[in-house]
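Every chain is named by a letter (A, B, C and D) in the order it is written, and numbering of its residues begins at 1.
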Amino acid sequence: GDGTAPSWPRIVAPGEFAGLDLSRAGHVLGRMGVVETLVGADEAGRPTPELAVSWAVSADHAEWRFRLRPGARFHDGTPVDATSVASALSHAAAGVSVLARAPLAGIAPDGEDVVVFRLHRPFAPLPAFLSHAGSGVLAPGSFGGSGRVDRVIGSGPFRVAQIHPPHRLLVARWEGWWGAAPRLPGALYLATGQGETRAVMVESGEAQIAIGLLPASLARLRRRVRVAVASVPTPRVRMLKLDAASPFFRDQRVREALSLALDREGIAGALLRDATLATDQLFPPALADWHDPSLGPSRQDLAGARALLEAAGWRPGPGGIRQDALGQRFAVELRTFTTWPELPAMATAIQAQLREAGIAVSVSIGSSSDIPRGHRDGRLQMGLFTRQFGLVPDPLGTVLSDYGQAGGDWGAMNWHSEELLALAASLGTTPDRSARRRIGTILREERPVIPIASSTLAVAATPRLRGLRLDPFELRFHLQELDWPA
Amino acid sequence: MTAALLVEDLHVADAKGTPLLRGASLQARPGVPLTVLGETGSGKSLVLLAVLGALPPGLQAQGRVALAGTEMLVAPPQARRRLWGRTVSVLPQEPFLALDPTMRALSQVAETYRLVRGFPRPRAQAEAEARLRELGLEGTGTRFPFQLSGGMAQRLALAILRAADTPVLLADEPTKGLDAPRRDEAARRLRDEAERGRAVVTVTHDVAVARALGGDVLILREGAVVEHGPAAQVLASPSHAYSRALLAAEPSRWTRPARPPSPSGPPVMEAVALRKSLGGRPLLREVSLTLRPGELVAVLGSSGSGKTTLGDLLLGLMRTDGGEVRRLPGVAPWRFTKLWQDPPAAFVPHQRLRQGLDVLSRRHGIPFARFGSGMERLGLAPALLDRLPAEISGGELQRFALLRALSLDPVFLFADEPTSRLDPLTQATVAPMLREAARSKGAAVLLVTHDPDLADALADRVLRLHEGRLASAGCHPGGPLGL
Amino acid sequence: MSGARGLGAALLLLLGGLALLGPSLLPDPALQDLRSALQPPGTTWWLGTDHLGRSVLARAAHALRFSLTLAATAVGIAVLLGTGLGLLAASLGGLADRALAALGDATLALPGLLLVMVVVAFAPGEILPLSGGVALAQWVHFFRVARAEARRVLALPHAEAARVLGFGPDYVLRRLVLPELRPILLTLVGFGLGTAVLQVAALSFVGVGVRPPTPELGSMTTELLPYLPEAPVQALVPAVLVAMLVLGFQLLSADEGQKP
Amino acid sequence: MMGVVRILLARLAQAGFVAVLVGTVGFALMHSLPGDPAFRIAAERYGPDMVDAAAAEAVRAELGLDGPVLPRLLRWLGRVITLNLGHSLVSGAPVLPELLDHLAHTAMLAAMALALALPLGLPLGVLAGLRPGGAVDRVVLLGAVLLRAVPPYALGLALMVVFALHLGWLPPAGFESPAAILLPALTLALGVAALGGRVARDAVMAVEASPFLRFARWKGLSEAAVVRRHGLRNASIPVVAVLGLQFAALLEGAVVVESLFSWPGLGHALVHAIFARDVPMVQGAALALGLGFVLLNALADALAALLDPRRARGTL
């Protein structure tokens, strides 16, 4: 027997996990309530206490102190004390994780219940970084001899009953959790790559929760009584990345022309089934501090786009493709990938729309890694992808890594703005809303990247399931609040 | 007593309207064997197929065929089929084709008992074994058809016929390829069947079989009956000229050729101490043989003694276990050739005869006209060229095989029962062509036959294969062959 | 059954005509109108529009040309290579036979996708490397079937007779083995064409196939499948075309199996 | 007895040959693919949100991907003999147990598909072959063609909607209940049944025209007995050859169906491994499949020899 019981709901979601450590499986272990972080996040992305009940930053912004929750225990019964937290997080910071991107000088215990983070420079978003799935706290017993994770011992409301990368995770209620005891005796996570499959599974009752529904199946599912559909906006934006050093996109007018040539509402309406998702802001409405609701999405303006291209020296050439004074055709390659199923279709739509403006785009569909790699070797001309600005709930971290001095693998390429850098540096110490808005404006004016549409997270569930709460940052399923009465 | 089967004024024509049977009539009564003799290609097999209600599609039949009260020419297929295996059973002319290549011999007999006659398995098995034993096939029940010799396959088919035990039995050349004792045994079995009240119709070229069967005899020529009457009367004093000629053409009555000059020249084919085992049993123990140009040597031997195997070893179609085969060097390989015991096996089933000869003529630069004159000598009508091998009679196909082999100007010809499907009269015109190939073309011919008279009439030397060894079976001419 | 043959030929002619003439008569298959996405069939769009508002008819015609060319090239290469090597293996026998068989096993064992990806890497989205890759994945099937059938026929007495009569292996293979092989080969070719189209679709499914906006039958279905409840005609058109293609070949080979 | 040993030895030699060939060619092919393995591995490990140059460099340093290539191949070949296939570059886990797990799932799926396809396709094919041009023949032809023309993805989804959603008979996907294998297996089976049935029909037609089948009828056997005892065995010779291949294709070719039905099989794993440039995993999979095919072909050949005693002679 595999331990599953009919009363354990099944959750189907797209994410597979390639191993046990948190850099590979953190997103699943965190969402399933196995592994906790020091800090959580509420719907608006504000930090909330989790394993840490309180925290404070020193006056010089060089040291953060987190006070641990008394009485928290790992699934092996050992206490969640400062030593084990410091060692788990040091381990994460040394590997591939968001913590590795924070300017950390060291993590050390101070007594039984205080963990101290020392920084090289002020870094306001540290709590947000600590809420990322990769910053989860594993018990010392999780690590094998060579520092590899060979067992998952967390401290959350559910413990691992069985784990089979890359598909399957069975969790069981853990009675020793510090919070109110969960109602569910357990739950099963099944990675299911195809959106259609997830939809059918929840519709047929084979699964109780399906995460991430395709726009096309959403409308159908909404009409079904056997499933309840819910969705929240998420801080994820589909956007185009341009090499601002290439002869094609060096000129800001060309980048603006590209933006004008796009029919965002058409794309969002046809492919995402929701024209209101169209946006030309990098920060979606979900990020209230960053988003500027007064700016509507820019409309398609082909004439304007043509004029800008004309002004930038790109004249109509043979076959309707523009060329510059030297006779170079405006022909570029757009790279994208299939991890998000809508991307290839969006690339095709973009291709057709840019063609109207006289730009020839060839679409290459490959791996997600083609974009950072193309960024590094300089071969990337255009990339289409989605970026999670709530990768840590405070987008500042992402902004810093994507639009810094050297640009970022998932952000600007060969572009930077001194003003933006200064603003970002100031945000390390002050939570200033206007500075945030200004950053958005700079990005919108200079167009190192071209946002196209924001996202929603759509979830379908059995109506009998009570207490379902959606997390826009995709950090938690909140299983401990769920009830599935027989 | 009424006739069990009745054929009245049966006309059969092919798709183009060429008549194949022209008003044949016959009847068979229970207890009285009916033997059909006649020229090859005269329509004997077609009559049997008409009685069975299984004329090949594409042929048109008129007249009347009644079998146990069913009009076989007009009855619906299911009605005809109901009679098969219960009222009528048949032994087809080519057992090699009729046997399931993937089923063991015993099962092919036993299934009739079990599935048609409804015997329980052990009894069916026992009965089948008894049938095999009666025909000298004990111990071969577990073999597949390709592991049987020609004569054994023939006997297996006969065993299947006897297993049916239907009121009407049709046998198309049941004794070809069998040596005299086995032939007589087979004939006696058929006569026994008749005496048990069965209607037995046998087609044969062997007058001795007709004699042994007794009953009525019918002689067919060019699709019509030329003579019909009690065996004793027809065989002893035939009234029709053709019948007389036919009966007079038995090999035993052929005039023997003059003694040949003793052969000279380097051996065309030489075998030294050949050994071969098949199926784990030694078949050829030590066979040595030398054939010189112009020589015609006959090999006799009981069915299954290894004659065909010997030929295959000489031609290199099978590997020897020991010993050596030497061929005359410097001769094109295809001039060492063979006449297959079962002619249909050696023809491409989906190739019309004309096409087969055509590619042969192109391959070896033989003018096609040479085939024309050959066919004329062999009594083969040009119209046959446009048929498939399955659409001509057994004897016709056998003559085409001979035509094909001789057209290659063989230096060595292994002729495995080359006249088994020919009536005596045709044999008498065809067989000398073998002798001629040796005499005037200088070929060495190794003739395999069961008919000592034929061997005697044609061969310079007659050998006997017995217990894996070749021995001289007497000297030419005329000495008693004492089999 | 010659009616069936006629029907098969007519189907193939129809498809060939559409593939040959359609592209020049119909609008640009890449032309989008996002606001007319998923329009039902009607007078403006005979077969409706797809999720990007493109004419499904125009795309189908282009896709047919593309897929037909690709499938025919791929299966052509696979048949020639597979049958050729299969006959060779059967007639040589012995060590050569075993080596060729092992080569076949090895080809099967190498993930087809890997082979295709390596071949396609030279010229992404081009028709020839794609066909080459598909052929590489398919030839073993023809190889093994040809080898098995050739071994069977070569063991028959009439093949032995042909050899004795002085015919070379060339003749024996061409005149004796091939006619017996033809019906099953035709059946496999018919299905092989369909399989080739679907293999390219599967490649598109994992992102290795043709590049947008090239219309291709297999990926058209896959793309439109999520919209099946809303736009059944559009989603089924490509599959129906593939079916007609396979059916045409099956009908053409309808009475080949009946050996005289 | 000697013969059996000789055949076994020959097969063993062939298996060794295939193993070395497949391992080497797989290795070479993987290295000739464009793209930077470090980036690919990082993407597969950490997901698209976390893959960046830093992650790729970390992977590169951890795995020593910059080292010379040939020694790696030689090391792999050296280890294969001890059944050590190395560690996955993505998960870091040993390849062999992971591979065996995937292989077991795939083999189960393939076997189930075949088990469903045979009783589905063959009887219909036989019926069609017995009456070529008849109603059954036409319907079966049309059905077979349609089944082969619909992409497996679409077919699978259609089955899922019908059997899981509307009828509620079968679980749609996953591998939680034993019945979950049925839908993916059925999806594969329909395609195999279509081809198998068609080949069976051609084979039956050919056997139907043979004189020994006519003779079997003359013997008085019922049609069922004729078909069962004489028709099927002879007709199954080409069918076995084709189905053996289909089974082989199923082992590797079920990528789409596996990912649609979330079946943790080899095809799915292989696609990921190829995309992630997980060389040891691909080599291991190719090796396992290669040995599997040698075994499978040996079985198919043995079955063919069993069905066709003339083949058993082995002297062709």
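The definition used in the following text is that a residue touches a chain if its C-beta (ideal position, glycine included) is under 8 Å from a C-beta of that chain, and two chains touch if they have at least 3 such contacts.
Computed from a predicted model, the values in this text were never measured in an experiment.
Taking the definition of touch as given, a chain qualifies here only if it contacts chain A and chain C alike; those chains are D. The innermost chain, defined by the distance from its C-alpha mean to the mean of all protein C-alpha atoms, is D. Centroid analysis (C-alpha atoms only) places B farthest from chain C.
In this assembly, the C-alpha centroid of chain C lies 19 Å from the C-alpha centroid of chain D.
Here the CA centre of chain B is 49 Å from the CA centre of chain C.
The centroid of the Cα atoms in chain A and the matching centroid in chain D are 38 Å apart. The mean-CA centres of chain A and chain B are about 87 angstrom from one another, to the nearest whole unit.
Shared interface positions of chain D, defined as residues touching 2 or more other chains, are 157, 275, 308, 310. In chain C, the positions touching at least two other chains are 206, 225, 259-260.
In chain A, the residues that reach two or more other chains under the touch definition are 196, 337, 366. Contact between chains, using the touch rule, shows up for A-C, A-D, B-C, B-D, C-D. Listed in rising order, the residues of chain C touching chain D in the complex are 1, 4, 90, 93, 98-99, 101-103, 105-106, 108-115, 117-118, 121, 140-141, 144-145, 148-149, 151-152, 154-155, 183-184, 187-188, 191, 194-195, 198, 201-202, 205-206, 218, 221-222, 225, 228, 235, 239-240, 242-243, 245-247, 250-251, 254-260.
For chain C in complex with chain A, the residues that touch the partner chain are 30-32, 34-35, 37, 51-53, 124, 206-207, 211-213, 223, 225-227, 229-230. For chain D in complex with chain A, the touching residues are 35-36, 39-40, 42-56, 58-59, 90-93, 157, 160-161, 164-165, 168, 171-174, 176, 259-262, 264, 272, 275.
The residues of chain D lying in touch with chain B in their complex are 210-212, 214-222, 225, 229-230, 233-234, 307-310, 315.
Against chain D, in their complex, chain B makes its touches with residues 52, 54, 81, 84-86, 89-90, 92, 94, 97-103, 111-112, 115-116, 144, 146, 160, 164, 319, 390.
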